[in-house]
Amino acid sequence: MKFKLALLASIATGVFAATATAQEVLYVAGNGGSQEELMRAEIFPAFQEATGVEIVYVAGNSANVLARLLAQQNNQEIDVAMMNTGPMSQAIELGICGDLDIGAHEDNIYDYAKFSSGKAVGFGSVALGLAYNTETFAENEWDAPTSWTELQDEKHKGRIVFQPLNNTNGLLALIKIAQINGGGVDNMDPGFAVMEENIAPNVLSFEPSSARLAEMFQSGEVDLSVWSSTQVKVLAETGFPIELAYPQEGAMVISNDVCAIAKDEPNPAAQEFINFLISPEIQETLAKNLGFSPTNKLAELTEEEAVGIPYGEEQVSLLENVDWDVVNQNREDWDRRWVREIER
Amino acid sequence: MTRSNAATNTGHAYLELASLTKRYGQITVVDSLTLDVRKGEFLSLLGPSGCGKTTTLQMIGGFVEPTSGNIRLQDRDLVRTPPSKRGLGMVFQSYALFPHMTAAQNVAYGLEVRRVGRAECEERVARALDLVGLAKFGDRYPRRMSGGQQQRVALARALVIEPSILLLDEPLSNLDASLREEMQVELRRIQQVTGTTTILVTHDQNEAMALSDRIVVMRAGQVEQIGRPEQVYEHPQTDFVAQFLGKTNLVSASVRTVNGVKEIVIGDQSFACDTALPEGPVRIAIRPEKMRLASSGIPGIVKNRVFQGTLWLLEITSEHGTILVQQPNVGTPPPRIGSACHLDLDGRDIHTFGTGV
Amino acid sequence: MRGRNGFWALAFHTLFVIFVLAPIAVVCLIAFTPESYLAMPTNGFSLRWFEALLDNRDFVTSFQTSLMLGLLSASAAALVAIPASIAIVRYRFPGRLFLLTLCMSPLMIPSIVLGVAFLRYLSQIGLGSTMPGLILSHVIIILPFILRTVMNSFGSLDPALDNAAASLGSSPWTTFRRVTFPLIVPGVVSGWILAFITSFDEVTMTIFIASPGLTTLPVRLMLYIEDSIDPLVAAVSAVLIALAVLTMLIIDRLFGLDKILIGNIDSDKNS
Amino acid sequence: MSDTLDFRRIPWSPFLLALPAVVVFFGFLLAPLLSTAILSLQAFSLYTGIQNVYNLANYIEIFSDNYFFEIFARTARIAVLTTVLAIVVGAPEAYILMRMRAPWRGLFLLVALGPLLISVVSRTLGWALLFGSNGLINETLMALGLVESPVALMYTEFAVVIALTHVLMPFMIISVMVTLQRLNPQIENASLSLGASGFTTLRRVVIPQMVPGILAGSIIVFAMAASAFATPQIIGGRRLKVIATLVYDEFLYSLNWPLGAALAMLLFAAVIGVTVGCNALAERYFARIYR
């Protein structure tokens, strides 16, 4: 009995002692994977050094982040959320995002990165193309992919990952496929048809997690995937033979946006962090490490650093964006079609 | 007749146990037991718990493997026969009825595994249930039957296969007193009707005496005495047998011959006795019902008296220790506690065990 | 039941043991890999992933949250379950069966249903993302375990004991304190342990109600695995397995694991 | 029940004792479940969130859509296969464990039941590591030359069933052992003494008596397999959805809570229906024998 009590007592003291250390904490939700790694490694420590605020990062893809925000709407714990434009427009619509003040940077942010409501702001966009394993392609003497139609090629049967529709990558890829087959956001039928008949049979897994997708490349389970320039850049830097092909029909652009969550008592550090994120220095860090296209005009990249990154007024004006209002109106139906027709 | 089991060596043995031994590690449970069972007899293995009687039965049944020794049934070696091929019927202490089968299904089981035809099977089951007085209960499940009824089903189940030997492992110990007596009569009747050779294991001497043709008294894995019930009761050969089978008084005495007449001397009293007894100091046993109060004899004082309905049990303090006396209840109450009395006995009712102290 | 297991039985048993232990062993082995990817530690053992684990604030915090949650919710459940089981065992009153059914019902309700139910409800009543909310939801699912073991110990109590104590002049409260309670303590303790383990390991319901600041270890692990399977999760799992084995050995020494587990399910049918 | 205790005479004391439990269960079990049931009647759109309309539209959608039917069917299939496998493996193992002697029995009981104390996530992770295309099973198969390229094991129903069986097996073993414990140890001897072989004894005497335990275990295993979340989520991936993972997706990805609530309610009803139904059937059957 004594032994049991002693055991309990020691566990209890350990627990209480450990939870006693409180500090000012900012909860930030956003993508996992390489973005999370960079944030944790460089951006958060820099922010903590500047402000003394510690950041707790909650990783999850945009849809998941939005769902959790919605679940806690009466009692938000998260202060800052980073999502892609689609879910972000939804979050604004659902009243999840609070007012945002980017006063100092207002004039320097490209217009495409601004929201009409002013409640969110873009902090970097990336390109979406076809990632492929250069080694296996070379071994099989295949040419590098040049078109989205590469996904339909039977030689890739069972060796493709296509991210699902609740993931922005998957959504944009499907829109692109619809476009090149004669449709678009207002007519997705051609996209679904090609997807179901020609692409889905080649797909090993509809994997939403980029970290998992990276593993699948590494373990040799897949050779080809729709993927973003950021993820490819990070994986390529580990020495893995992967490259992103920009199809001739055009790559898609994914914008990463950030907003401060509406709360009764908002954490002032939330605004501070967002402004920190879109400051020229951090924009440069994001560009150099993740290949994010800077949304702040003052961010400066050398010519070398800017390779593969839309940089400067001229290039930025070429970025192809979708009409998120139309997309969000229809997304529910598409999701429904997707899980029924494609992902089963 | 000095050794009552001499009779077992005559005639043809049906079941033979020869030097049967069972050891568990250092502990010897059954110690080179040799025993012959005659065809058609009802034999009881009687003894206190732990004497090895159940283990012996289990070895006959085939559920415990002997460490050494032989079991032969009509010259067939049983030790090497698996239990399912021995053809013995067994009634377990807990009855071990199959709870998921009705009484009739339980009884039919042994016939079914023998692939007896359906018509014959039904007929034999009906007869067996009728024999145990359960003709109308065939459809009942065991859980819905009383202890006595379950007991009867177990018996019918063991008998219906017409076993060469019926083994009963304390079958009545879970029944209450009145039911037990009723079942004893029933068991004896059924055994006589079927004529099945039966071996009963029990620790209840009354049960053994009421049922058996012969009793084997066991102690610490060995046979203490074998004989007909009245033989064993009246002529116990050891202290243990005398004490285990009913109450008995053990007293030190000596035997002498006076004027050509053998007499036994207890204190300063002497009683005529069996001429076969050797002279010298002996230890004697005498049953309480063989003692009586008299005007002369061994002096004593009434220490306690207990009324038992048909008789009185008196505890008398004497110089030879406390002596129990049973007196039939004939209407006159026995002496009061504390009063002085004398005890008389017939010297021929005494048994002796070698030399006493 | 005393027969020996034959050759085929033992062969079957061997395969069974391999089946049971293989996934557990694989997790523990991979946790020791020196590589940065999932691999068997063929080139020697390394503790690098355990070191990485200690440096991972998320996992360490979650472990503390889980411990705290387990301790508090098991204790709170015991405080609610003990009086309730006294009421159920010792009294006959209208609604008794309903109370029993109500208290045992969480065993029948799929955890995922409870998860979605709590997800919105806790937030509606202002307990979303709070420790009290998490504790309350865990009390619901672990209370049946304590109730059952406590009721079991009452069941095996001689009902004459109370009368015996009363006949010796003991007041009802003294009787409870000096006679009844000491006798049900083993039931309370084993129920508490089962409840603690259940709370500590719960994932299906908790994944819905956990929040960034309050994430239990299994939920953290689950979310991590959804994203990526690497040697770090193997290391976390290996630690969890080691803790489970330790708990198992302690329980086995103190009570006998089979008594707690088998005796426990036993009462399922009686209740 | 005696009445010597004074406080028993006070009629409200049982209610007082039960009060905390009643408050907790009404406030934190019945109320949330009721709220979920109501939620399942509401409508949802991505732009407006949950709307205050109440109808059966979600249920009608579920029942009229072949997509949901497929997921319900898959869930049922996985649950049934898991239950069957748990019986086939668990029941004999329970019998073998019962026949073991000390100290082996104690040791292997720990092996068989101990996994209950290990987190489901950890155990499932083990299977994910075994089943992966670079996992131990595939490596062994390839090393033995039985297959040339890795066999797809992850994300298959087969893998989900195997892992679920591993997770839920202890419940079956416990349940069967409980019945075996109650079995009269002499019953097997009784059967042998009546001339039945060991196999006949097993078939006609032991197995029929294990049935109540197997049934009770099956009900537990089936209910838990049908509502399992972690294992199908990790092993099954996205393509192999079961009801539980679908509910999770609806709540935490698609945001359609009312639909998710309706699915959860249906899962709840199905599990309760099957367990209560099986229990009632079993009881009616066994009452004849065991009461």
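As written, the chains take the letters A, B, C and D, and residue 1 is the first residue of each chain.
To be clear about the criterion, contacts are C-beta pairs under 8 Å (C-beta built on N, C-alpha and C of every residue); 3 or more make two chains touch, one makes a residue touch a chain.
Please read these numbers as outputs of a predicted model, since none were measured by experiment.
Enquirer: Which chains end up grouped together through touches if chain D is skipped?
Expert: Without chain D in the graph, we get A, C | B.
Enquirer: Quick check: which two chains are joined by the most contacting C-beta pairs?
Expert: Highest contact count among chain pairs: C-D.
Enquirer: Taking the mean of the C-alpha atoms as each chain's centre, how many Å separate chain B from chain C?
Expert: 56
Enquirer: Where the centres are mean C-alpha positions, what is the separation of chain C from chain D, in Å?
Expert: It comes to 16 Å between the two C-alpha centres.
Enquirer: So what's the Cα centroid distance for chain A and chain D, whole Å?
Expert: Whole-Å distance between the two chain centres: 37.
Enquirer: Mark out which residues of chain A touch at least two other chains, giving numbers and ranges.
Expert: Touching at least two other chains: 68, 71, 219.
Enquirer: Note the residues in chain D that touch 2 or more other chains, in rising order.
Expert: Expected reply: 132, 134, 198, 251-252.
Enquirer: Quick one: which residues in chain B touch 2 or more of the other chains?
Expert: In chain B, no residue touches at least two other chains, as defined above.
Enquirer: Determine the shape of the graph in which chains are vertices and touching pairs are edges (line, ring, star, complete, other).
Expert: other
Enquirer: If you go through all the chains, which pairs of them touch?
Expert: Here the touching chain pairs work out to A-C, A-D, B-D, C-D.
Enquirer: Under the touch definition given earlier, write down the residues of chain D that touch chain A in their complex.
Expert: So the residues of chain D in touch with chain A come to 45-47, 49, 65-67, 70, 132-134, 152, 155, 237-239, 241, 249, 251-256.
Enquirer: If we count contacts the way the header does, which residues on chain C are in touch with chain A in the complex?
Expert: Contacts found on chain C: 37, 64, 67-68, 71, 119-120, 123-124, 126, 128-130, 189, 208, 211-213, 223, 226-230, 250, 254.
Enquirer: If we count contacts the way the header does, which residues on chain D are in touch with chain C in the complex?
Expert: Interface residues on the chain D side: 1-2, 4-8, 11, 13-22, 24-25, 28-33, 35-36, 39, 89, 92-93, 96, 98-100, 106, 108-130, 132, 134, 136, 163, 166, 169-171, 174-175, 177-178, 180-181, 183, 185, 188, 198, 216, 223, 226-230, 233-234, 244, 247-248, 251-252, 257, 260-261, 264-265, 267-268, 271-272, 275.
Enquirer: Chain D touches which residues of chain B in the complex?
Expert: Touch list, chain B to chain D: 61-63, 82-90, 92-94, 96-100, 109-110, 113-114, 141, 143-144, 157-158, 161, 167.
Enquirer: Taking the complex as given, what residues does chain A use to touch chain D?
Expert: 63-64, 66-68, 70-71, 90, 93-94, 158, 164, 166, 205-208, 219-221, 328-329, 331-332, 335, 339-340, 343-344
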